[in-house]
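This is the structure I want to talk about, given as structure tokens.
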Amino acid sequence: MRSAPPIDAFTLRRRPPQEKLTDIGFRQLTLVLAASVGIVLLAIFVTVFTGAREAMATFGLRFLTTSAWDPVNEQYGALIAIYGTLVTAILSLLIAVPIGLGTAIFITEDLLPRSVRDVIGLLVELLAAIPSVVLGLWAIFVMEPAIRPFLSLLHSTLGWTPFFSTEPQGPGTAPAILILVVMVLPIITAISRDALNQVPVELRQGAYGVGTTRWGAIFNVILPAAVSSIMGGVMLSLGRAMGETMAVTMIIGNSLNFSLSLLAPGNTIASMLANQFGEADGIQVSALMYAAVVLMILTFIVNVLAQWIVRRLSLRY
Amino acid sequence: MIPLFLVLIYVLIQGGRLISLQLLTELPPAPGLEGGGIGNAILGTIVVTLIASLIAIPVGVGGGVYLSEYAQDGWFSKFVRFGNDVLAGVPSIICGVFIYSLIVATRIFFDQSFSAMAGGIALSVLMLPTVIKTTYEGLLLVPQEMRMGAYGVGASRFVTITQITLPAAFTPIATGVVLGIARAAGETAPLIFTALFSPFWPEGLFNPIATMSVLIFNFAIMPYEAQNELAWAASFVLVIMILGANLLARWISHATRA
Amino acid sequence: MASDVCMSLQDVTISYGSFEAVKNVYMDLPKGKVTAFIGPSGCGKSTVLRALNRMNDLIPGCSLKGRVIFDQHDLYDKRVDPVEVRRRIGMVFQKPNPFPKSIYENIAFGARINGYKGDMDELVERSLRKAAVWDECKDKLKESGFSLSGGQQQRLCIARAIATEPEVILMDEPCSALDPISTLKIEETMHELKRSYTIMIVTHNMQQAVRVADMTAFFNAEAVEGGSGKVGYLVEFNETENIFNSPSQQSTLDYVSGRFG
């Protein structure tokens, strides 16, 4: 490419070296920035694992099945926190999924006038944006006092089962579950709504075309078509609920004693970290890191499963 | 669903009635005293969120650009996108633990432990996946013909990306980024043992700093009426800021839609 | 090589992945002339055209064997910078693709990249006039390129290509979205442009080929055993008159006389 350009007004037919360098440099820069995701992720795993090594060596797998959390005698087991994490997350989803899915059906199928649906949709999104610490504050001062009579009623009628065997007295597992419901409900509603909206119109019309009733169409055609995205969304919410920290910490009571009762104070891994990590030292730090490893593995499994479900099941439609 | 709106309304009423100029500009009172404000926490939230944005936006936009504009659909791109989804699912408290071990405990910044900088970095780890994802997905929406047009007049990749493709994807990227910032501004868990708290005005980037979210957490569990009230007031300010950001994001995506 | 050859294709085979879209093309494209590529849909006209300014580099999996000589260099030589190639060989695409910028900036963008040092306002006006779209644009230069109709957008894209004053302009069905009057204007422009530039144009419109092209290349596609699709190849390349009046191949005659199928 030697010959002179035909029109002298254009001076950059040959690219000056610095322009080529910018081009290559920019590419390499973005490559490094993209790789930073992997680096950060790796750094998180390495940091938490190395922090946990001492406790892993000392307590082994016993850590997962014992419930002693005793800084004085340096004995640690995370059973209470693991149990609390799983119970609060799973129960809150059992409550939130039917409500969220119902709301989503309500706002996608034209059961309501358009403007009402739009307003509800907007509010759902805004609710999802409320910081969890604010929900925690609300849980302490408004929700917990308000629901205590109902919890007492539960205790007096179902107190013979181990799950309601204690007198409700302020913070506890049950209010934590309810605040988690408040937190994941908007997420589940929003994801289910998007999933339902993405069901092809032809499928809908096809169902009505063969004379199905509205609810027949919803349950036999539309929900099955959207089930993979909804399931994925539910799994993502489960991950969120397990890792949720602030609202739960503020209302669960942070108990170090194991109790099956939902009305008693409990604990989760995340709230244990929030409460103790700042002041811990010695092997307690390592034990907390060990608990963090458990939490990370749990959420990792749930999130990967969520992605897998979406990918796997969506192939069918 | 309806009871949920009560949360919003309650926060707005309970917090809103307390708002005054004094509240927005003064320091919190010592425990047991009356009055005071949350001025330092408002400023601190802005500072920490700004630090997080200044880190996460360039890194995230750059990474998203690489994924959509340069990477072939090979293992690296698959790995980064998978890693990004995993990072998005890491609980925020773990980000706090991570930055605590990496920065606070090691005192790498001028031998300071807790600092605004550490808090901002923790929040940026949280924002990063959102920014990457919105950038990547926004750029995928730009039609291939647009890039071809730029290459056809002799634009390099750098010029095409910075002057044609990124501006064309401005709306979805800006919307996502604003939502990401709003989410980060309300986060507490990554801050409680990175930025910590301070009853004073911010004293620079390498000292502990007050934020509204940590203030709410700390003051909610104090047995003093004045502190509880300030927690409600901070909730009000935080919620208004976040709702404002959400409305801004909506406005961006409506106003600039061609 | 004769000095009046602008580009020379030597045994060019272009593949998408393992699928060979066009095979064994030999062609000497003359300088300062208009050459038309005609042929049935899918025979690889666009593919060959894109190969001439290395636009195919941007399509993942697309590869080229053989040599494309321009200005005594093989364009596919490792040392050749594809960006520089495209600054000298401009392109107009099948679908109008204005930039999401103002009409003025749509033109100025390319000129600036190519290091234009002259009067930008003047260049913008001149280019828009040549592309026969000045009247529609002169009062809305600050408005978005998308505010124009499809046909006007295409002429804007032609103006954009002209504005950078490349040595060669490649046009892939530039008039397929235009009304007959704008089409005629564009054709007039081509007649004027070929005094200083070389033009290659893909067209499905026989009359257009006859009206503007000095030379015409006819491509066809054929299924081959073991292949996964139809493979395109160059059937005949000659003066336009010969192609349309006395082609040497039966398939060319069938195609130009509309008896193709």
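Lettered A, B and C in written order, each chain numbered from 1.
As a working rule, a residue touches a chain if its C-beta (ideal position, glycine included) is under 8 Å from a C-beta of that chain, and two chains touch if they have at least 3 such contacts.
In this text, all values refer to a predicted model and were calculated from it rather than measured experimentally.
Engineer: Hey, which chain ends up farthest from chain C, C-alpha centres compared?
Structural biologist: Centroid comparison gives A as the farthest chain from chain C.
Engineer: Contact counts by the stated rule: is the higher one at A-B or B-C?
Structural biologist: The comparison resolves to A-B.
Engineer: In terms of CA centres, which chain lies closest to the overall middle?
Structural biologist: Of the chains present, the most centrally placed is B.
Engineer: What is the distance, in whole Å, between the centres of chain A and chain C, each centre taken as the mean of its C-alpha atoms?
Structural biologist: Spacing between the chain centres: roughly 53 Å.
Engineer: If you average the Cα atoms of chain A and of chain B to get two centres, how far apart are those centres in Å?
Structural biologist: Roughly 18 Å separates the two chain centres.
Engineer: Report the inter-centroid distance (CA atoms only) between chain B and chain C in whole Å.
Structural biologist: Comparing mean C-alpha positions, chain C is 48 Å from chain B.
Engineer: Hey, what residues on chain A touch two or more of the other chains?
Structural biologist: 15, 20, 23
Engineer: Would you please write down the residue numbers of chain C that are in contact with two or more other chains?
Structural biologist: Chain C, residues with two or more chain partners: 83-84, 87-88, 113-114, 164.
Engineer: Could you tell me which residues belong to chain B and also touch two or more other chains?
Structural biologist: Residues 156 of chain B touch two or more partner chains.
Engineer: Mind listing the chain C positions that touch chain B in their complex?
Structural biologist: Residues 53, 55, 58, 60, 83-84, 86-88, 90-93, 95, 97-101, 109-110, 113-114, 144, 146, 157, 160-161, 164, 166 of chain C touch chain B in their complex.
Engineer: Hey, which residues of chain A end up touching chain B in the complex?
Structural biologist: The touching residues are 15, 19-20, 22-23, 26-27, 29-31, 33-38, 40-41, 43-44, 47-48, 51, 99, 103, 120, 123-127, 129-138, 140-142, 182, 185-186, 189, 236, 239, 242-246, 249-250, 270, 273-274, 277-278, 288-289, 292, 295-296, 299-300, 302-304, 307.
Engineer: Chain C touches which residues of chain B in the complex?
Structural biologist: 72-73, 143, 145-156, 159, 163-164, 167-168, 258
Engineer: Over in the complex, which chain C residues touch chain A? Could you list them?
Structural biologist: Residues in contact with chain A: 71-73, 80-81, 83-85, 87-88, 111, 113-118, 164-165, 167, 196.
Engineer: In the complex of these two chains, what residues of chain B are touching chain A?
Structural biologist: 1, 4-5, 7-8, 10-11, 58-60, 62-67, 69-71, 76, 79-80, 82-98, 100-102, 125, 128-129, 132, 156-158, 161, 179, 182-183, 185-189, 192-193, 196, 213, 216-217, 220-221, 228, 231-232, 235, 238-239, 242-243, 246
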